[in-house]
Each structure stands twice: as C-alpha cells, then as structure tokens.
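Next, two complexes with chain A in common: one pairs it with chain B, the other with chain C.
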Partner chain A sequence: MGTYILRRLLLMIPTLIGITFLLFMLVALAPGGIGAALRVSGGGQVESGQKQMMEAYLEDRYGLGDPVPVQYVRWLGRISPIKFGDRAQVSLRGERVSAPKPIKDPVAWKWFVEELPGVPEVGHEWAQGASDEERGLIYAKALEEYVAARAASVGAAAVFEQEAARLLKDTGHADIVDFRNRIEKGPANRVTPDRTHELWPRVEELGQRMMAAYTRAQDARGRLQAVFAAKPFDEAGVPIIPGALYVDWPDFGVSMTRGQPVLDLIGNRLPVTLLVNCIAFPIIYLIAIPGGMLAAVKQGKWQDTLLGGLFVAFWSVPIVWAGVLAAGYLANDRYLGWFPVAGLHSNDSDRMLFLPSFTDGFKPGFVLDTLWHLVLPVACLVYGGFAVLSKQTRAAMLDNFNADYVRTAKAKGVASNHIIFRHVFRNSLLPLITMFATVFPAMLSGSVVIERIFSIPGMGSLAIEAIYLRDRELLLANALMIAAVNLFALLLADILYAIADPRISYK
Partner chain B sequence: MTMLDAQRSKPAETTTVTGVQLMQGLGVQPAKGFWEDAWSQVVRQPRAIASLCWIGLVGFLAAFAPLIASGHPIYSKWNEEGPNRVASPLLRYLTAGDAMIVVIALLGGLLLLVPRSVMKMKRGHRLGLILAASAQAAFAIGIISIVQWYIGRREIPADIRQATLQPWFRPTMAAAAAVVAMAILLIVPTFRRLGGRLVFGGIVAALCFATIWGTWGRPVLETFPYRDQEAQGIAEHTYTLIPFSPNERATNLRLLEPGQTRLTPDIRYAESQGQDTSALLAKAEESPEYILGTDAIGQDVMSQMIHACRLSISIGLVSTGIAVVIGVTIGALMGYFGGWVDLLLFRVVEVFMAIPVLFLLIVAAAVLPRNTYVLMIIIGCVAWTGAARFTRAEFMRLRNQDFVQAAKSVGLPLRSVLFKHMLPNGVTPVLVDSSFAIAAAILAESVLSYLGLGPAEQASWGRLLASATNEVGEFKWWLATYPGAAIFLTALAYNLLGESLRDAIDPKLKKARV
Partner chain C sequence: MQNKFGLKDLVLFTLVILIGISVWLSMVQRDKESARLQAVQAKVEAIEGSTSRIQRTIDTELSAVRDTVSTLEQRVASGVVLANPGGGNAASSNTGGGSSAVDRDESWARPGVKVTWSKPEGPIETSPRSFPGYQDGGEFISILEGQPPIITPYRYADVYGRYITDEVTESLGRYNPATLRIEGVLADAWQMDPDGMWLRCRIRGNARFSDGEPVTAEDARYTYHDLIWNMQIEADRFRSVYEAIETVTVVSDKVVEFTFKQPKYDNFAQAMLYPIVPKHFYERFTPQQINQSTGLMMGSGPFRLERLDVNSQWTPPNDIVLVRNERYWGPRPALDRIRFKIIQDSIARLTAFDNGQGDMIRPTPQQFDLKRKDERFNQMAEAKDWYNMQGGWSFIAWQCGPRNGGKLTPFADKRVRLAMTHLIDRDRIKRDIYMGLARIGTGPFNSETPQANPEIEPWPYDERKAAELLAEAGWIDRDGDGVRENEKGDRFVFQITYGNGSDSTLQMVTYIKDQCAKIGIVCELNPIDWSILQSILDRRDFDAATFAWSASSPESNPRQLWAISSIEGTGDNFVQWRNEEADGYIQQGETLIDEDARMKVWHQLHRVIHEEQPYTPMFELPWLRLMNKRVGNVQTYKSGLEPSEFFIKSEKAQAN
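Right, the complex of A and B next:
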C-alpha cells in the first residue's frame, strides 16, 4: 500500500507539470501575451516615451521579454521545492530574498564602448553588534537603490532603442528592427551606425545616458550583492549540497495585478469555497442515496420512472439558469425577495453577535446570517451533484440485485428489507466512494459559476479575475491548487476503495 | 406475475416453422444488424420519441431560421413606378451559407421522408448521404467565403481587384465550388459503384454551383429601412412569421416586455404628456408584437432564440465529433499498445481529468478569439477524455481476442487493425456516451456565454440568459425564462436520448429484480 501511494504521489508530479504547462502556453498564446493587461493598465494619457519605459520596466521585472518556455521553466524553478544555487534568505517580513538577477546587456552597446562595465567587487562588513533590524534596514536601502537604478537603466535603454530603431530603419538596416521598433541585439552590435545621419546626435545622447544608467545599475547591483553575501537574514530551507542544492517551501510569487503574495490571496478565498462545498457535500449524499435506493427497489414501477425522470431533469438544468432564476425570483425584492441577493454576509454583520440571541427580540447573529446567505448557492451546487450520484446508487444497487448472494439470501427466506439494507446496500457503497472523486472536481468548477452569480468571494471568482486580468502568477497558482486538490481526491478515493473492499489490493 | 399471466402475455404471432417451410424460404426474417436492432428498441420508448421530436424541431428552426425570422420582407411592392416594383429582399440577400442550408435541409428532409416501398435505400444510408452532402457543401462554400473575405479587404493588389470585376470571375468561383464538392465526394465511399458516386456528386456540385452563382457579390444587409418606407407610404412589405432579424436593434426599444410593439415607447411618452393615445393604440394593434420581448439593446428575443438554434445544434455536434475523434484515436493507441505508451498517454488524460473541464474551457475561451469555430474546437479539445477512457477499456478487452490476433498475423497495417477490425466492436460505449457529451457541450456553451466568453457575433441562448441580470441587480424574467428553458430542454433531450440508447444496448440492467 505504501509503495502504491508513493508511486501515485510521484506520478502526480508530471501531471501537475503538464497542467501548468498547458495553462502557461494557453495564456502565452493570447493576443498580447502574458503581460497584456499590465501593458494596458498604463492608460492612454502617458506620453509615448514614458510608456516605453514602463513597458520595459514591467518586462524586466516579470521577465516577459524571454521566450515562453524559458519563462515557464523559471516559474517551475520558483515553485519547485528542490532549488539550485545559493540559498535564498528569509526577510524579517517572511518573504524570500535571493541574490539580485543579472542585468541584461543594453542594446547596441558596442556603438559607444569597447567593453561593458562589470559588477564592481565590493565587500560588506556589518557594524559591530548590528541588530537584525539594522541589518534589514541596510539591506532594504541597498535594495531600494538597486531597484531604482535598474529601472532607470532599463527605461533609458528602451528610450534609446526607439530612437536607434528609427536611425537603423533610415540607414538601410530595417531587417534587424521588428514592427514594435525592437532591435535584434546580436546584429545591432555588429552594425556600424551612420554617424553623419541627422538623427545621430540625438541617438548618441540617449546612448550615453543609457550607458551611464547601466553603469550606475551595475554599481548598485555590486553593493546589493555585497550586502546580500554578508547574510543580513537567516537562510531559507535545508541544504542538501551546500552552495548548490537545497530544499525549501515553494514560492508562489506575488500577484502581478494586486501586488499581494499569491498565497495570501488564495488563503483568504479558499475557506469560503471549502465552506460552501463542505455544506453541499453531506446534503448531496443525504438526498442522493435514499433517492437512488428507492428508485432501485421500485425498479420498473412508477416511483422509479418518476425519480429517473427527475434525476435526468436536474442533471440537464443549466447551472447558470438555476442560479439566475434563483437569484431573480427568490432573492430579488421585486419578486419574492426571501434570500439575500449577493455576498456572504450582511452589511452590518461585523456588529452582529456570533450566535443567535433572543434577549432583545430575535437577532440572527453571524453564523445564521452567513448560512442564510449560503442557502441559494448551496442549493444550486447540490442539485446537479445529487442527480449524478442518485443514478450511480441506483445502478450499483441493481448490479447487486443480480448477484448470486442475493438469490441465495432470497432462497433462504431472508426478509427483503434485510436484503436491501444489510446485503445489497453495503455492497453498493463502493461505487459511491469513487463517485466522490468525480463529483468533487465538478463541484469545484460549478462553484466558479455559482460564486460569480451570487458574488461570493471564493476561489472560483478569484480564478475568473485572474483569467480576465491575465495575472500569470495568480492563475497558475490557482490552477495548481485546484489540480492538486483533485488529484488528492482521486488518490483518496482509490485508497478508500481498497479499505472498503478487501478484494482490492494495490500490490 | 402468475403463470396464467405469463402465458397470456406471450406474443400471439409466434408460430412454429417447419424445416420444409424454412427450405422454401417461409418464416425467414432478415437478420437485423446490431445498430438497427438497438435503434428499433430506442424508438419504442416515449421519452426517446419526445427527445427526437424536440431535437428535430430545433434542427428545423436552425435550418430555416433566416426564412422564419427575418426583418427583411419576403415580398415588397413599391408604390412608385420603376423597374423593380416587386421584389423579395429576404430571398435576394440570403447569404450563400444560409441558402445552402435551406436547400440541403429541404432536399434532405424529402429524401428521408420517401417511404421504403418507393426507394429501397435504407434510411441510415440516406442520412449518411445527407451528412456527406452537407459536409462537402459546407467545405466548398467555406473555401469560397475565404476567397470572398480576401477580395473584400481594402488592401488587395489592384490587378486582383480588376480580375474580380471581370464577367468570368463569378462563373469561375461557382465552378470552383462545384469542383471542390465533386472531387471530395468521388473519394468518399458514398456508393459502392462509381456511377452512383458520380450522380450523387454531380447533384451536390450543381447545388453548390447554383448557390454561389445566385448569391455572388450580394452585400450582407444590416439596415432595416422597411418600417420607415411603410410609414412614409413608399412601399408595402409582407414579412415572414417573425418580422424581426436577430441583429435588428433600436435603443429606444430596449427591454420591452413580451407582447409589446415598437410603438410602446411612443404610447408611454404620449401618456406621460397627457396626450390622446387612441390613434397610436389603434396603430399598435396592427404592428407586429415582440412575442418574447426585446433585450438590452432592443433586439427581438424570439428571433434571436430561433437563430440561436443553429449554434446549439452545431456546437453540440461538431465539438462532440472533434472530441470523439481525438478520444477514440488516443484511447485506441493506449488500449492496443498498453505498456509505456499507455502510461505516457494516460498522464495526458489525467492532466485533463485533474483540472475541472470548465476551468480549462474558461481559460482557453478567455485568451483565444471569440468565435464559434474556435469555441467548438476548444470544447472538443477539452472534452475528449471520456471517449479515450471508454475506448481504452474496450481495446484492452479486445486486443487478445482471436479475430484481432488473426488480423495482426495476416500482416494488416496498424490502421486497419485498429479502426477496421477493433473499432466497430468497441465503439458502442463511446457512441452512447457521445449523446451525453453533446448535452454537456451545450451546457458548457451556456456557462461560457454567461461569463461573457461565448461567440461574439452570433445569437446564443446563453448570451440572452446572461443579459437577464445586470450589475445594478435588475432582473428581466423573459430573458431568463425562455432561453434557459430552451437550453434545458435541448440538454434534457440529448440526455434522455442517451439513456434510451444505453438501455437499448445494455440489457443487463433490465433483468434485475428484487
């Protein structure tokens, strides 16, 4: 059993990689690529030079300029628990801090200098008895300087690139400039610019600025590296090969559009979705099993026909329709208005007592209020699930009615109720366990729609937001979470299956 | 059931047949094929008949939508003297695709209705012929539409533009469509003999030729000046059943409730000003009603509902078709080879199983262009795992059987072993499942449309349903009830059909008794 579970767990890794790769490629295929929403968010009023600088900054910050597979591998490296290279450090706020990334070579630098300025070798010594806070401050200051210098360098390069592209196009080198006025880096260094052209003085000025900014950024990087090497914080993870390999928690990164750590965002939303599903699940089983049993016992009679029809009907009701009708007729004040329309709590829920109270007239209290808000969403989640499950129960029971042991029991004169509940039902439970694995993902995705209709702040609405905003980090982390939960549900179902049925073993 | 009842319920027409009679050919009944037998059991069930009726109705509306619901009059008479005093704008501006669908639906319906006594061909064969003809015609017309789109662009070279204006261009295009349709039909085994194929291909090619010839160069009309013409007394127009097009919009007519007319805003205004409304009311009596109201930009809901049948029918069939083709191919490879092929491909299946299909659909639909064809491909590419798993299980069971071993040992190519010998014996579960898959695809489309990710340029039930609520919390009951009911009934019909099919094919569940 242990080996089986281990094998399944190991097989999950390629599956999860496959899922995230699929999604990464899909989002990268989108018109405008991954950072489309980021680029748009600058608004129309920014001057063109500024826009270029901002785009260049975002591209540099999130590595959007690299080929998609490279970006994916980098993302994989961040979330992988096994990490290579120098160990990251944990800042006082609990964030992972790693050594500064190298800065990209500026475009066409050979036009101005023979050799690029390198990173200066500087050391850093802590003052005697510097506390953790003081070290943190020094690091933060160096980091701030470095980020500003780097942004300035990248921005200057972007502005230079636009002008240089114009020059290149004018002097017969249009083949190394693409439609967005981006210059191919390798050939640009080999080209000798036309220093007599009227655009040259401007290009040269911008180029000098770019080189100066680059030098400053390299200096700042050198200083930051020195501070980092002096270890301002505790090191993260557990080393396996010192300096080369260590194990650490996955780093899901920071949401591109919200600026918050992705794990915090998911942590806020996951409990809501789990709450809705945890209320819905027992209800589904409580309705489905008796319904399916009744249909099976009365097979061929009118009860069976009626229930069968009901199951198919419920199964065919579009979840959107159910949600819209429920929200429209039952929650809208113009019609019945029995239930709240949207959200998880009333407006004044923060002033409510936790439990209902009767001292001063009836006050529903926080718990009842939340449950009241959840009635319609849970109802919409339940109806689809129990239809599927009831049909399975019926089919499983009917399978067992055909079995030899039932005939034997009947021949021995066992009471039919006894046969139904003691013999058949217990044996029919097995498929219901596996159904858990089928219903669970369906419910997770169903809650995407339900949460949208009823404006519930859960995982589903977070996923939709991430998709609309093309927030790569958020979307991938979300998908990974949902997929992992589903895979564990599948595994759990298989293990439960083996426990419930001694005939099955995974040797 | 007592013994007596059991004897009474024996079928009366069962008679014994002696060996001599058998020799003479008496009492011999032609053996029914597996599918024919299953089908005859399916159509005995009332629920299956009801489902088929509903699907047939939706299909009928889909095929004839432009003739049933259109804002263009079918018959117009101008009061002034002129060369075109009488015209039919509706027929005149029918697009090539619409015209083709109407013609094929008419001819196909007739072909299916001819009784067996007149035409010996089996109904299944006839249905196959109609499907082949529509696929080829769609292909030919699709190619011509791409050409039309290309020459309709602004930035095409001048010499090509000149060529399109030549008199020979139109017949050439029509002939090209005919040749494309004909060429493919000659290869597809519609008939055993080449003569049959030639005749059938010739008919389809002639249809394509006529359609392209008749519709070439006609602009797509999106203006509706007819009501104004009538108001000014220039012309008299006669409309079809629903006198509105799905894209005929007017902002002052937004969100009218069912049963109101285009004069309702005027009447309301007159009432608010305290003016006499009797003349307007009398006029409103005559003007056509919005039977199911209008939507948020003043388009008729009934007309949109009818035109959306097309999306519903096509998205279900095409996306499931794509899913079945992908699923059967991958499932066949997994089941036949087993081993590491199975292990590797099953990881791919597991990728699609682990992530909720809807989630993947939403991501794909959000980043790819909003277009009916893209949507069909997306749904097809996401929903194939069911077919793959069924085929895998069946092929694992079949691969060690004698007939497969025999086919292998004869040295037949892999393609032949897999798809000619094994597939017909293992395709049943996939086909039963595909009926449920069609329903699932229709439901998926409704969800995507609700999230604003559906096809942009096409009327769709899901989009109508989505417009029933808005950010301010308004709820328009007619926009929720009718389109939702249409989606529900269509999904229900496919699900019921699938159930009947499964019951007919899987007799195991029938015997069970307590």
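Right, the complex of A and C next:
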C-alpha cells in the first residue's frame, strides 16, 4: 500500500505539469495572448511614442516579450520548491529579494558598437558595524537606481526601435519589421543600415541615447549585484549544494492585473467558497440519502415516484433561471422580500455582536446575519444535487435488497428496520463513500453563476476573471490548486475503496 | 459490535460538552469585549468630531481677527484716524468682502505675470444647506456594478477606483462642475506662464490632510517625482497621463512651481489635476508594499477611508466605506458616510435598489426605460439622465487606408464614407434600439464641452443621396445581380467588426446590414471578443468597426486619433486617415495656450472631420442613474456628480 501511494504521488508531478502547461498554452494562443488586459490603455490619452514605451515597460516587467514556453518554464522554476542559483534573501519587512534580473540586449546594437558593455565587476563592503537597517537602506537605494536605469534603458530602446523600423522599412528590410514596428533582433544585427538615408541622423541620435542608457543600466546592475552578493539580509530556504541548489517555499507570484500576491487573492476568496459549500454539501447528503433509502424501501409505490419525480424536476431547472427568480421574488420587497438580495453581510455587520442577543429587543448578530444572507445562494446550490445522489443510493440499496444475506436475515426473522439500517444500508454505503471523495474539488471551485447573481466573492468569479484578463500568475495558480486537489481526491477515493472493500488491494 | 455506554464514553462525552460550553462562554466574553470596544470607539469618534469643530471655530475666529487687524493696519497706513473704538466691529463684520482684497499678498509670485485667485470657500457649487429637509448626517449608499480590486491612488485601474479616490484625494484644481473651466481646490492662487512653460501655485494655508498634517509644496513634489514617476511603483497608467511636466520644484513651504517639456495647452490641466497625496504617509512604505496594497488611500478631501489600517487594509469583497473627514479644510459635507457596495448582476442590483438597500445605481437603458414609466417607482426614486463631459460616444470607424497592409477598402474614398453616413437612419436606431436615450453625434468632441463646434449638424438620413454618392464614386450595379461593382468589377463587400455580448450593438449592425443590402452593398458581420479588439486595431485589420470612446475631461487632444503621425506603428489613428488640413489644425491648436483661440481651431478641425467622415459618429450616450428620493441636492452637472454635496433628507421631508 505504501509504495502504491508513493508511486501515485510521484506520478502527480508530471500530471500537474501537463495540466498547467496545456492550460497555459491554450490561454497564450488565444487571440490577445497573455496579459491582453494590461495592454488596453483604458481610455487614457496615450500618444504614439508614449504607448510604445508603456508597452515596453510592461513587457519588461512581466517578461511578456519572451516566447510562451519560456514564460511557462520560468513559472515552473518559481513554484518548484527546489531552486537553482544564488539563494534569495528575505528583507527586514519579510519581502523576498532575489538577484537582479539581467537586461535584454538592445535591438540592433551592432549598428553602434562592436561589443556590448558587460556588467562591471564591483565589490561591496559593508561599513564597520553597519546595522541591518543601514544595509537594507543601501540595498533599497541600489535597487531604486537599477530599476530607474533599467526603465530608462527599456524606454530609450522602444523609442529607438520605432524610428529604426521606419528606416528599415524605407530601405527594403520590411521583412524583419512587424506591424507593431517591432524589429527582429537577430537579423537586425546582421543588417547594415543605410547611413546615407535622410532618417539616419535621427536614428543614430536615438541609438546613441539607447546605448548610453543601456551602459548606465548595466553599471547600476553591477552595483546592485555587488550589494546583493554581500548579503544585506538573511538568506531564504535551506541549501543543498551551496551556491547552486537550495530548497525554498514555492513562489506563486504576483497577479499581473491586481498587483497582489496570488496566494493572498486566493486566501481572500477561498473561505467564502468553503463556507457556502460546507453548508450546502451536508444538506444535499442529509436530504438525498434518506430520500434514496425511502425510495428503495417503497420501491414502485407513490413515495418512490414522488421523490424521483421531484428530484429530477429540480435537477432539470437551470440555476440561472432559479437564481434570478429567487432574487426577483424572494428577495424583492415588492413581492416577498424575505431574504437579502446580495452579498454576505448587512451594511452594519461590522458593528454587530457576534451572537444573537436579546438584551434590548432581538438582534440577530453576525452569525445569524451571515446565515440569513446565505439562504438563497445555498438553496440554489443545493436543489440540483439531490437527484444524482438519491438515485445512486436507491440503486445500491435495491441491489442489496435482492442479495442472499438479506433473504437469510428475513428468514431468520430479523426486524425489517434492522435489516434496512444494519445490513442493506451499510453495504450500500460503498459507492457513496467513493463518491464523497469527488466532492472535495467541487468544494473549492465555486459556482460562477451563483456567485454572480448573489454577489458572493468566491473562487468561481476569481477563476473567470483570471481567464478574461489573461492573468498568467493567477490563472496558473488556480489551475494548479484545482488540479492538485482533484488528483488527491482521486487518490483518496482509491484508498477508501481498498479500506471499505477488503477484496481490493493494490499490491 | 457491542454498544455499551461505558465509563470511557462518559468521560469523553463530558469532555466534549465541557469544551463546547467553554467555547460558548469565550464567545460571549468576546462579544462583551467587542461591545465595550465599540462604545469606546464611538466615544473617541465623537470627541474627535467635537475637537475638530472647536478647531474650526478657532480657525475661523483667528482668520477673522487677522483680517480685521490687517484691514485696520491698512486703514492706518492710508491715514485714517481711529477715533471710534466701534470701528473695529464694523470692519470685522464685513470681513467676507474686505479680506479677499487685503489678503492678496503676491510676494510669492513671479513679478509681471498675472495671478489668478481661487474662490475662498473651497470647492462647492451648490450648498445643500439651503434645501428643505436638510439635515446633517446619514449614509449614502452607491451600488457599483464592478469590483474595483485596488483603491490606492495611482494604483487603481478602473473608473470605480476613480469615483472613490475622487472623494478622498484632492488636486490643486478641478473642472468647475458647471463651467468646466479649471478652478482652484488646494491652490488658492496661481500664475501660468503666457508661453505655457511654467506654472507657479500657492497652496491654501489651511489645507490639511485627514490626519491633520498641512498640505505642503513638498507633498506636491513628492507625489509627482517620487510616486508617479518612481519606476518601482506600477503606476504606468498614470505615467502616461501625466507626462508633460518636466520638474516640480518646492519654492517655499506652500509655493510650488512646475516646468513643462513643451509649450502645450494641456500642461496647465496636467499640473492642476493630479491628486496630491501626503508624503509623510506614503514614504513609510516600500514600493513593493504600495504595489501590493489594496486600500492605502489618504488625502485631503472631504471624506476619508473609515479604517485606514496598514496591517489590515480594505480588501475587495468588502464594502468600501468613506466617512466624513472631520478635519476637512473646505465646506463641510452633510453626509456622515458614503458606502460603495458592489453587485455585479444587473437584476440583483435593481432589486437591491428597489428594496432601498442602495441610494444610487447605474441601470441598463432597458431598466431605465422601464422604471421611468413605473408610477410606484417614481414615488420613491428618480430616474436621471443627462449628458456630461464623462459621457462616451459611439461611432463606426471606416478603414481609410489599406487593411492589414493589403488592399485599400472602398472607404478610402470620402464619397463612399459620406454615402454610408447618409444610408444609416440614426434617428430610427436611437428611437428603436436606444429608447431615445442617446443623442446623434456630429464629430469627435463631446457636445457638452466647448471643444465641439456648435454649428455642425449631423448629416441627415438620405438614401437617395447615398445612392448618388456611390454612383459618383464608381460603385454601380454593372451586372444586374443586385450588388454594386466598381470599374474593375470588384463587388462592394465589407465586414463590420463589433464586440459581441451587447444586444443593442447586434441589433444596430443587423439594421446596417439590411440597409446595405437595400442599396446594393454586402455587409458581413464580424463579432469579436473585446480582448482582441486592441490587436485588430493595432494591425488595422478591419473594414469597418463600431465601438465607443470614453472621456474623462472636457478637452481631448485630437492628436491621438487624427494626426498623421498616429498612423505610424500602432498609433490610435487606426482608420489611417491622412489629412494635411486636419494635421495643420492639430499642430496649431496643441500649442495655443489661449483657450478661446484654441477652441476656434478645434472647431475648424471638427468641421474637417465632419466633411470627411473617417468615422460616422453614431451617438453620444448620457449618464443614466436611478436615485432614491431620500437623497437631496443631486445636481446633474456637466462634470458628472458631486456626492460631497448630497445630503440625506430628514424623516419628515422624506415622508412628504
């Protein structure tokens, strides 16, 4: 059993990589691509040159300009607990600090220099008795300088590229320029520009500016690298091979559209979804299983028909319709107005006591208020779930009713209640237990439709937003989480099989 | 299996019960604690409020005394003999008029350039205090249809973030709600260089942030150089808006000077309109903390965030609650609180409004039309629609250049574009699809603003004229198949690209398709997802496209959409409309600092665009709002709404 579980756990890793990779490629290849939402300027007045610069900054910050598989591999490297290279450090504020990112080679640099300026090798020594705060400040200063220099370099390159693209188009090299006036880097270095063309002086001026900015950025990077190497902060993780390999927490990154750590975003949403589902699922089970049992016991009688018909009828009602009707009639004061229409709490919930109180008149308190808000969404979540579970129970019970041991028990004169609960129901539980394992992923994923109608900020809407906005980090973290929970649930189901039924073993 | 209840079970059972009871007791205990804490908090707030009221009284008294003294000094200087001690009283009683003339100390200003002075009372257009049923206090609840993920200034990315920060932060100036001219808010006086290269501003002496610290020139400098243009902070959207300023220099504690990169007309607006945030608050955070923040919002405006706790900031699922800034330097708002609730589903939003759970929503046009005819609704609420500077305008853009670097479209010919405009019965679309809630556009400028040329009338609906124009341009049905061809025999076929998901757009393009078929043009529908619109425009990969531009200021620089230089690369002149005359007007207008002269140039440009029709302007869309009648002083300004002037009517007034 132990080796079986281990094997299954190891197999999960390639499966997860496969799932996230497929999903990532799907999104990347969809029209618009990764980070499409970032590029929409949002009605702001952006002039042509400015727009190129803004886009260049964004691409530089999020690595959007790199090929899609590279972006994926970089993500994998970040979430992997095993990491390569210099260890990251943890700043005094708990922020994770890693070695400075290299700058991309500027486009068409061979037009101006023989060799690109490298990162200068400088060392850094802390002053005698420098406190942790002073070191932190020195690092922050170096980082600020590098970021500013890097942005200036990226901006200068974007401006140069536009002008150089015009020159290339005019001199018969339109094939290496795309519709955005972006130049292919490799071929551009092999092309010799037409230095007699009327555009050349301007191109040269911008090019020199770009190279100067690049050199400054490399210098700043050298300084930052030196400060970083002098270890201003404590190092993160546990080393395995010093300087090359270490183990650290996975880093799920920061949402591109929200700017917040992905884990925080999920952490905000998950409790809401869990709360709703933790109320909904027991209700489904508590109604569907007795219902199924009753239907089995009264097979063919009116109770069976009624329950079967009712549950299937519920199952057939679309949630969108039911939700809108519930909001429109049950929550509208013009009609019944019994329940609140949206959200999880009343306006004054933060001033409520936690529990109901009767001291001066009845006050519901925070708990009852939340439950009251949950009635309609939970009802919508629940009603469609009865049919499958009750039919499953009914079928399993009927199977066992016809089994030999039931006939024996009857012949022995065992009371019929005893037969139903002690013998038949216990044996019918097997398929239900395994079904229960598949509930876990459903618990986490949330329902987009219900969340929208009742304004519940849960996981479903977060996932949908991530897809619409093509938010790489959020999307992948979401997919990874759901996929992992699914795989664990499947494993759990298999283990439960073996435990519940001694005939099954995984030797 | 044996089922005896043994000693072990008893112990376990008692344990469980004991744990349950202790949990219950501890919850009750917590409850009592929190009740007491709330009582204490309420008291502290009350004390804070009364202290600030006292402070205000002292402030006003002090300034009155100061004014009196300076008036007296002036009188003494001008040789008036103070014989009657009662004269002092007389002087202090008319401080209102007297002080403004006296206090105009211009020693801070550059010599020889005109100084413009702001209204002394601060930013207020219509005071709520004169209305019947006025009362101080109450909560105004605005229901938003989208969730702003971030409300930190310079980090928010949507219009909701702007609505919220507008109540909390202030700039040196603002657009006057009625005239749309810039007036002073934090600035009490300014000088603008007649050549447009610098601006010097004096910040009001009494302007304070909501924590009581004064607003200084250093805050203005910090906000621009160390926040907006700090490359570590992800404020790219704002960097692209506020890019004309070269430097912000602190001249003295309250005097700040801006220099600009180029002499352009919008320099003044950029310097006056960026919100100023407190340096002493924001410099405590690392750039990463600001980037990852959700609700680090502090300013000098009439409201402040209810709980500005750095360690537990406001986060998205919760309502956003603003409370009155008791230390506000300007006119005291009537409302105690403004609450922003988010309900994304339109039916749920309307239900919540009907239930009185919100005071204002933005309805869909269908909901608006339904509600304004509903008598019961009109008893409790008002449906307001009005045109303002933030309203967008929709259009059909015609590809005047080659599509995606390939062939020219039929719309390269001005006569064809004009024919298309004549072919579309915009009155009918307005009536049947928009339920009258739209105004036919004439061009690229919002008609509410001075930028639009008031003399231009929209081209009329005229099918005959359209047919004539098409024939003139060489598009005639040559082979009798019902479709027009040009001389080369190419059939007139084009694609209209539009964003899917909107019923009204679908109805509109279907109508256009029918109209085209009637006159012998094949129009194919090409619905797309919004997320790829930008890349289609960047590639210029469309024949005709319909969508809308939004606006947030009364004047927009036409360079972005209409200049020849914006055709290059991925510029926003995606219709590739080349017009030397228009380019001339753009160049001329951009550098004209004088507003009236500049407007004349924009009017000329408007005329050229009208004659050339690179876009067929469709509609200007009004703002639609449903407003509960318990809210008073809801003025529909040309600039939008001013929630800081609202008040909640007293019970008695509501009953009437």
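Note that the second predicted complex is superposed on the first by the 494 of 507 C-alpha atoms of A that agree within 3 Å, B and C clash if a C-alpha of one lies under 4 Å from a C-alpha of the other, contacts with A are read in each partner's own complex, and residues count from 1 in each chain.
Methods note: a residue touches a chain if its C-beta (ideal position, glycine included) is under 8 Å from a C-beta of that chain, and two chains touch if they have at least 3 such contacts.
Small disclaimer: the values here were computed from a predicted structure and weren't measured.
Contacts of A:Arg190 after superposition: neither chain B nor chain C is touched. In the superposed model, A:Arg503 lies in contact with neither chain B nor chain C.
Once the two complexes are laid over each other on the shared chain, residue contacts for A:Lys412 go to neither chain B nor chain C.
Look at A:Asn268: by the touch rule set out above, it reaches chain C but stays clear of chain B.
Of the two partner chains placed around the shared chain by superposition, chain B is the only one that A:Pro441 touches, whereas chain C remains out of contact. By the touch criterion defined above, A:Arg452 reaches both chain B and chain C. Looking at the shared chain after the overlay, A:Ala327 reaches both chain B and chain C. Overlap of the chain B and chain C interfaces on chain A: residues 31, 324, 327-328, 332, 334, 341-342, 452-453, 468, 470. Per the touch definition, chain C reaches chain A in the complex via residues 27-28, 30-31, 34-35, 38, 139, 141, 147, 149-150, 155, 157-158, 230-232, 234, 236-237, 239-241, 243, 286-289, 291-292, 294, 315-317, 319, 339, 341-345, 347-349, 351-352, 354-357, 376, 404-405, 528-529, 531-532, 534-535, 538-540, 549-552, 556-557, 559-560, 565-566, 568-572.
Against chain A, the residues of chain B that register as touching in their complex are 47, 347-348, 350-351, 353-360, 362-364, 366-369, 439, 443, 446-447, 450-451, 462, 465-466, 468-469, 473, 475, 477, 480-481, 484-485, 487-488, 491-492, 495-496, 499, 508-509, 511-514.
Within the complex, the chain A residues that touch chain B are 11, 14-16, 18-19, 22-23, 26-27, 29-31, 297, 299, 309, 312-313, 315-321, 324-325, 327-329, 332, 334-335, 341-342, 395, 398-399, 401-402, 416, 419-420, 441-442, 444-446, 448-449, 452-453, 463-464, 467-468, 470, 475, 479, 482-483, 486-487, 490.
Chain A makes touch with chain C in their complex at residues 31-32, 36-37, 39-48, 50-52, 54, 57-58, 61, 93, 95, 140, 143-144, 147-148, 150-151, 162, 165-166, 179-181, 254, 257-261, 264, 268-269, 272, 324, 327-328, 331-334, 337, 340-344, 347, 351, 353-355, 357, 365, 452-455, 457, 461, 468, 470.
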